[in-house]
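What follows is chain A paired twice: with chain B in the first complex and chain C in the second.
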Partner chain A sequence: MSDELLVVKDLTTTFTTNSGPLTAVGGVSFTLGQNETLGIVGESGSGKTVLSRTIMGLQPRRNVTVTGSAIINGFEVVGASEKAKRQIWGTEVAMVFQDPMTSLNPVMRIGQQIDESLRVRLGMDRASAKARSIELLELVGIPSPVERYNSYPGHLSGGMRQRVVIATALACSPKLLMADEPTTGLDVTIQAQILNLLDELKDRLKMSVILVTHDLGVVATRTSRIVVMYAGRIVEIGDTRDVFYHHRMPYTRALLESSPKVSNHSHTRLQTIPGRPPNLMKLADGCSFAPRCAYATDQCHNVRPTLQAADETGHYFACWNPLPSNRGVRAP
Partner chain B sequence: MSADRTPLLKVRDLTVTFGHHRHAISAVAGISFDIFEGETLGLVGESGCGKSTTGKALMRIVEPSGGTIELRGVEMTRLSGRALRNARTHMQMIFQDPISSLNPRRRVKDIVAEPLDCWKKTPGSERDALVSDLLSKVGIDPAVYGNRYARQFSGGQCQRISIARSLAMRPQLLICDEMVSALDVSVQAQILNLLEDLKAEYGLTLLFIAHDLAVVKNVSDRVAVMYLGKICEIGPADTLYDEPAHPYTEFLLGAALEADPDSPMHSQVLEGEPPSPMNPPSGCRFRTRCPNATDRCAEEVPLPQEVAPGHQVACHYPLTLTRRARLAE
Partner chain C sequence: MNDDPSLAGELPGQGLFLIQEATHVEAHERSEPLGVLFWTCVGWIVLNVLGAIFANALPLKSALFQDYNNINVGPGWHHLFGTDDLGRDIFSRVVFGSRVSVAVGVGAMIIGFGIGAPLGMLAAYKRGRFDSIFTTIMYVLLAFPAIIATIAVLSFWTPRALLKIIIVIGLASVPLVYRVIRTATLNVATKDYVIAAKVQGATDRRILIKELLPNIAPIGVSFLLIGIATVITLEGALAFLGLSVNPPTPSWGNMINESRTVLAQNPWLVIFPSAALCLFLLCLNFIGDRLRTHYDVTEVKL
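Let's turn to the complex of A and B:
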């Protein structure tokens, strides 16, 4: 198991709220290899962001209980002290957040924001930190990095800001880069630029990347494996092509069929999932998707399905009445 | 293509300028288009291209600085006061953020009834029946939810309520500005299907403004592509997506991500970012990022030319023509 960079086992995050406990992430397990890209997809409220923050160890200090384990390159994040986690933030794992405006300090020059981690974490002096920051700005494709070093975030466009955030995350050469909706809110042409940049950096810097998104289009061509989440749990995990073409969980299929496609003819009727995502405070004992599922039986409503193997390639799904395997038959 | 070709809305040389003199920004820089009765015109483009400003200018929520907007022969730009308010009832708008476009402290049935109270003065029982009917049409049970407050609903349900409210006046034209952008895919599909159903039932004409190319194609009969305040291409949805004539359209389509691991990866990615509308490039506005640009593009503003029936492109070197020429050689 030495080639696994990240091992997540039975990770559960429960928030204590005024109206009782809320399990945002419930018993999630998966592994991530070196130089691999994993996509985590799900709708809002599926727990994908809480999961990625829990793996980082970025949960709030109070009113939250985390159990299970998340081991990044041998370091157990769950239960680690803030001081200990600081040793891995930046050098082992770094995060790119969704909104580039709120993850940068608006009254600090962008160069200094990159310098900060270099000087604090790597103990560089001012001059070499500046040189390295300019190198990083160049790496992420910012034109005229020397001049940009002194710009404020407000001077940059959304796409450029996201590049700066990526540069900040890469400053201490992390082995794992977590990108939480890195392109949501950016225009399509800028989105393509940022995703290409992440791809290229991953290969060049030999990193692993976790791409958290609600957009199936983002993960389709950029990941090797995909985790599909629903109501805080993994409902399907497998190689990207398996999840897209040979999915067994009805939710995965419904999600794929309800997203409009550019290749559809105009006025194509979309498949819809009836109802709404469940309230996490009132989760039933059975499968969380059962109330919206066309194949649900009594068993589904009463007993929660566990992940079972679809084949030997690491494709798992959690469903009592899975879709028939269509291996050998190429889905449209 | 829609059956009868009477334009419901005729827009000519519409310009919207914000600010004055040296600080003037022309958000919409002279666009012309028609929306025919019963069709859906999609309007796509990246942020800052002026698509939302266009929608708002049609309603005169922002004041156009020039050009004409004709709705069924009524010149909207010359109206004022009560006449304008009256004319506006024929057009309704649905906004992007469903939650902030409803007053959280009002009851759902009052929100939907407000246009009726303002304009139709419908008697009580008839009014209640109309409101209940509208709410059930959009999939909200009036008996259960009618008395609840807008704040008690999710984004998707709020968007349904917005639709019910906009239909209360029986508008001829519905302007949808990014109406599904804030919704999850499964909810988005429900709302898009609902919109198609209601369009058929009420005989609506739609202007559907969105940045998501896949969403726009799924609902539109014709599509217009905007870049930096200008329409660069307009044509039937299927043709425009299959055979884009403007280089920008082709880049935009290439950048759109398809939820399919086997979809071809487009190696060509549009470099750079749109220039500032404060100081737009001379000639063709796309020339600074266009790989085919020549000196002519810097000097002459390209005028819309027809490349196929109903398919117009504002480019000196439209792609289909060069392609055809290449094939002929």
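Let's turn to the complex of A and C:
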């Protein structure tokens, strides 16, 4: 397994709150290979963001317990000191944030923000850092990068800013790029541009990408594998194609059905998943999705299902009453 | 209505102006000028500070010489602001008196910001135990009225000297500065760009200096100016109670205090130092306030 860039094993993040422990991520395991894109999907509050931040080693300093292990290119993040993590931040793993409006320092020139890590981390001198920054701006598709180098974030549109954010993240050529809902703050046409850019950069720079999103349309064509999360746990994981066409977990189907399709007639009522995500404070012993699931039985309510292998390799699901395997049925 | 040329000409123009203002985000470069009043205030402050620094070199009458032939003279050509009950030139005393005010204002704020600002920034950035301990201490100090504390300390710490007054007032202002800077930093420290800098491998020191400091600087500077005004008032109050510099050294506060007894005979004696103090504070407050609104570069204008 040495060719795996990221190995997450039994990762659990528990917040200590005034009303008791809250397990935001519960026993998550998966691996990510070189030059692969993994999508992490789930509703709001399913633990996607906490998971991605835990893998980065970005927990708040207090009231958080992390157990398990997350190894990025041989470096164990869980339990590592801030100082040790600083060694992998930027060079091994970098992050693109949700909102490009707040992820750039408003009082610092764009060029400076990219220069920063080049000079601090890679020890470049002023001139070569500037040259490299301009190169990076060009790489992410900023028009006239030489002029933009001296602009403030306030001079740029949202899409342009997100490109700059990506450029800063790429400055030290990380092997893993964590993109936490990178397009939520942008409008749809820009979304596609940014996603295509990420995709293209992934191939060009030979890095791996984790794409965290609630939008299945985003992950459909751009990821090789998908992790579906519910209430802090993985409920289904597999190759993108398998998750889309041969999913076994009712939650995955519900999620897929609730994304609107262009082919629908106008005024088609949007599909929703009845009920609400569970309170992570009072998780039942059984399957967390059971209260909202049409197929739930007594077993579902009392015993938590573990991940079991589906027909396809690398495809696992956690369900007592899975949807019938439609292997052999032609994918639409 | 329609053929009123002024109205027809003005409305679209105004609309255009509003649109232009709204689309310009570059607050630093293109926002509206600071205004004549602002620069007048700056000029007045600069004039006062220069006067305080170079008082000895200026062609002024002595602030201490007592001319018994000209007691309680009104403003005139010979004595610009008149003389006091001991025949001293009021204009000279006002100019020399500004030295105490400026020294206390600047000196005390250097102490206040020197201690309060780094602590406030660290507390807001580090949070945790460091923050709890210092915030509790500062709030306890804030609960105790600064004026009473300074009076108590100054009445024991004798003989009185300008430096002691500066130190006491400076220390008294630490909790105030701490609170403002901590709150401002808290606001910035949770922003994504701070986390982004962190995950690019920036050290704590770098984040504090490069990311946080420039973002809280506008608030810091305007509070600094308003803080200077506040401690000058405090010095005035102390002087009025006879707890500031010893006479005959003039300060605006002790001039007002001394003139109480001769208010009926010579009102000029209280009017001039009061006016000087009042104008100085007014200008500082106005500059501070104006700068705060001017440099409030948050994206609101989008």
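Quick note on the criterion: the second predicted complex is superposed on the first by the 326 of 332 C-alpha atoms of A that agree within 3 Å, B and C clash if a C-alpha of one lies under 4 Å from a C-alpha of the other, contacts with A are read in each partner's own complex, and residues count from 1 in each chain.
Methods note: contacts are C-beta pairs under 8 Å (C-beta built on N, C-alpha and C of every residue); 3 or more make two chains touch, one makes a residue touch a chain.
Everything numeric here is computed off the predicted structure, so don't read it as measured data.
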State whether A:C319 touches chain B only (first), chain C only (second), both chains, or neither.
neither
Between chain B and chain C, more residues of chain A are touched by B
Is A:H155 in contact with chain B, with chain C, with both, or with neither (first, second, both, neither)?
second
Now for A:S259: first (chain B), second (chain C), both, or neither, which partner does it touch?
first
Mind working out whether A:A169 is in touch with chain B, chain C, both or neither, as first, second, both or neither?
second
Could you tell me which stretches of chain A are touched by chain B in one complex and by chain C in the other?
none
The residues of chain A that touch chain B in their complex are 43-44, 157, 159-160, 187-193, 195-196, 214-218, 220-221, 240-241, 244-245, 254-256, 258-273, 276-277
Could you pull out which chain B residues touch chain A in their complex?
46-47, 154, 156, 184-190, 192-193, 196, 211-215, 217-221, 237-238, 241, 251-263, 265-266, 269-271, 273
Inside the complex, what are the residues of chain C that reach chain A?
25-28, 127-128, 191-193, 195-203, 206, 210-211, 214-215, 297-299
Chain C-facing residues of chain A, complex
56, 58, 61-62, 86-87, 89-91, 93-95, 97-99, 101-108, 116-117, 120-121, 152, 154-155, 165, 168-169, 171-172
